[in-house]
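What follows is a set of structures to go through.
Next come two complexes built around chain A: one with chain B, the other with chain C.
Entry: the complex of A and B
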């Protein structure tokens, strides 16, 4: 195994340990709920960043797959014929198929037109959810709760177990995405982002690559939706509304799109902001808006990207200083 | 789905007239908002995701002026102008700082602006529904056309919107300043090199787009209830209109706005829950078949 992969595994193990220990140290249920939201939204934002940051495809309709995962998982569990892992696999496969069909149409379009068509498909799915009341419950959402029968000795109806399950799934998904991020496929996607014409000349099938990452990102988003459905024990039409995709984009922008974990940091920031701002003021939008403006106009990139650039700049000045210092010493001796 | 009701409506002249007239005014409001959006995109090359906020500003300032002066003409003028002034300030102080950055930066700035504007409206005007009421001049019996009733205010709205659209088209295509604006859209460096203040012109075009949105808001004030989030649904629909008509095309915006307006008014009878789905389906279809829109310039 390569050294980098080992390092990633080590970091993942530490992160998982921290996630699992946190609720033990601070046993308030509010913290656990907060962390589950960060996990679900963070996973959604991370999956979207495979398109936005890695491939340069700005999708405005990514929440469609989040909703598709949540609804198909919820409906399968309510049917009573499936165990939790089986329903998860089926929901993931179903969403992957959906993303394949929609993606095959969308990836042919460029720039803002790609954004608009993904938005159109998402809102189309939102309308179907609202209209097909018999199955989806319309604007009331999927009612009656989602049963969580125990499997392999894991009982998800216990809040602690559910949290640990979410944390493990989250870390596993991050590791998978990290592999993609560092793989030759990931570097091909970066080339497509920076210069599609050159990628094409080099014999890369640009459309197929884009479609591949579109399906993968959609599948990961549906995993986030499944976790959310498990946690809130339901699925709601808002999952497929454009504001959900919007929030995912803001998490990416706040956290940073060029650093792998940037979107998770953004999800954490946005959830914290939402949480504290609503406690202290009723003018939630005003404060949130001003903070976003300050970050965008002040840093001009996400927090993690800013930190990376700052560290890089510091390293260069240090190296330059060291280079200057060396000849000076020689001259003295 | 309630297709029998829709068929029944189509068979009756009165129902058709009523639905067409309500479809036309929805379409006209959308046309005003979307033509501003389209103008800004065509000239500045940016997508103003905060455009709905100026529609809202137009409506609220029109209400304010109407309550103070009781003159509807003053309300229209003040609503449109206030939206324009706020638009110019927004462009100069905030939006112009993210020109040349990727579209996501602009999106985030606009989202922040929407959050701030919505909350400011809540602070200044209150969070509850507001009604302006029909101005006295239009408080007359509706006009009867082929058995259907059309309020006289609808006719006024139609004329105002068409006049504004025609004025915009003539201004862009037939005047000297319009020629400069068209040149600005194609080659801003060259226009700047010829000694024209492009920054001022950008702010002016952005402001003009916001005036159109503000006018739409002011015109809508007597027939719609005013809420702090009223800009968002208009924004989404005017995006559909801009995309279907072609980004940057004013006549395209008119055709698409009428199409969407009529789809809404007749769809509301036949399949009320799926109207949005139909509109977005139409948008996806246009994007697939002709990404540049019905009347947009062919993308290179």
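Entry: the complex of A and C
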């Protein structure tokens, strides 16, 4: 195995250990709940960034797949015929199929038209959820709770186990996305982001590649939706509303789109802000708006991107200084 | 190798290509010249599958390319570089070349391996050395000098291992010295790779120095074709391209 892969695995193991140890050190349930939200939203934002940051496709309708995962998983579990892992697999496969059908239409459009058609499909799915009351519960959401029967000795109805399960799934998904990010496919997507016409002249089938990442990102988003449904024991129409997609874009902008883990950092920052701001004021939208303004106007990129650029700039100035120092020494001797 | 027959293309009322028939034998080095708006770049766009001709045939190794997408044309073995270097700004030189080589190896969709693939490393290094870009391998494409950007553009096309290479003004926007260095590299490339090379060029000295055959376009039609020597003495070309100014015609005759 390559050194980079081993390093990624090592970082993932450390991150998982930290996630698992944190609730042991600080046993308040509030912290665990907070972390589950960061995990689910972080996963949603990370999956969206496969499109936005890696491929240059700004999807405004990504929450459709989040909702699709949550609802199909919830419905399958409520039917009583499925175990948790089986229902998860079916929900993932179903969402992948949905993303394939919608994506096949969307990836033919470029730029703002792509953004708008993804938004249109999301609103379409949102209105299906609202109107198909018999199945989805309409605006009341999927009620009656989602049963969580034990499987392989894992009992997800225990809060601690559920949290650990979410943490493991989260880290595994991050590793999968990291692999996508560093694979030849990932670099092909960077070519498409930078210059799709040129990529086409270099033998890249641009449409097929875009469709591939669209399905992959949708499937990852549905995993986030499944975790959310497991945690809140339900699914709600808001999952498919455009504000959910907006929030995911918000997190990417806050955290950064060029650093792999930027969106997770954004999710963490946004959840933290939400948490503290709502304690002190009811005008939390105003405060969030101001923070975003400060970051967009002040840093002009996400926090993680800013940190990376700052580190890179510092390194180059140091190298330049070291280069200057060398001839100076020679001159002295 | 490449045989273009009776090619026509109109944009609205403007006929950009009129009944162009040109033949490019295997291993030849051909220059296409002509005044601005003569339809040179349109000709490249037509034969590389970027736009579709209204009528005519483009026979590449005996098979008609008309109707194929630019993707399929590249896979058949005809690659092009652009008048304004068309690059991937956020990738380093090495990353861009590796991605192009990977694409040529049909491994762009690989999900389970790590970039760069070991199978592409030697090929990328060879291409970088051929172009003289090894020292700048880790520079972002966006930060390259103008000349190096043009070189990288050609390098990306070479990664496709083309049989026919189309170069749209390889020396555009360069100073006199840089021009000659560039064209020297192009010339050596042609010799080393035994390519069929077609290039558009404005600089007459360059055209007459290195090309075997010169095709002259004017208002989308073929005005003349022949060896540099014949073109230099062709009265139509002197009138149309170099202007009817007597001094210039004389200068061309003496050069």
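Simple rule for what comes next: the second predicted complex is superposed on the first by the 333 of 333 C-alpha atoms of A that agree within 3 Å, B and C clash if a C-alpha of one lies under 4 Å from a C-alpha of the other, contacts with A are read in each partner's own complex, and residues count from 1 in each chain.
We adopt the following convention: a contact is a pair of C-beta atoms (placed from the backbone, for glycine too) under 8 Å apart; a residue touches a chain by one contact, two chains touch by 3 or more.
From a predicted model like this one, the values you see are computed outputs, not experimental measurements.
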**Asked** When the two structures are overlaid on chain A, which partner does A:180 contact: first (chain B), second (chain C), both, or neither?
**Response** second
**Message:** I'd like to know which partner A:201 touches here: chain B for first, chain C for second, both or neither.
**Reply:** second
**Request:** Check whether A:249 is in contact with chain B, with chain C, with both or with neither, and answer first, second, both or neither.
**Result:** first
**Request:** With both structures superposed, pick whichever of chain B and chain C touches the larger number of chain A residues.
**Result:** B
**Asked** Of the partners chain B and chain C, which touch A:100 in the superposed model: first, second, both, neither?
**Response** neither
**Prompt:** In the superposed arrangement, which partner chain does A:297 touch: chain B (first), chain C (second), both, or neither?
**Reply:** first
**Prompt:** Which partner does A:286 contact after superposing on A: first (chain B), second (chain C), both, neither?
**Reply:** first
**Prompt:** Hey, what residues of chain A end up touching chain B and chain C alike?
**Reply:** none
**Request:** Could you pull out which chain A residues touch chain B in their complex?
**Result:** 52, 58, 105, 108-109, 111-113, 115-117, 119-121, 123-124, 126-128, 130-131, 138, 242, 246, 249-250, 252-253, 283-286, 288-290, 292-293, 296-297, 300
**Request:** Can you check the complex and tell me which residues of chain B touch chain A?
**Result:** 47, 94, 97-98, 101-105, 107-109, 111-116, 118-120, 122-123, 236, 239-240, 243, 247, 271, 273-274, 276-278, 280-281, 283-284, 287-288, 291
**Item:** chain A-facing residues of chain C, complex
**Value:** 48, 50, 70-71, 74-75, 79-80, 82, 86-91, 95-96, 98-100, 102-104, 106-117, 156-157, 159-160
**Item:** For the chain A and chain C complex, residues of the former touching the latter
**Value:** 2, 4-5, 179-180, 182-188, 190-191, 193-195, 197-205, 208-209, 212
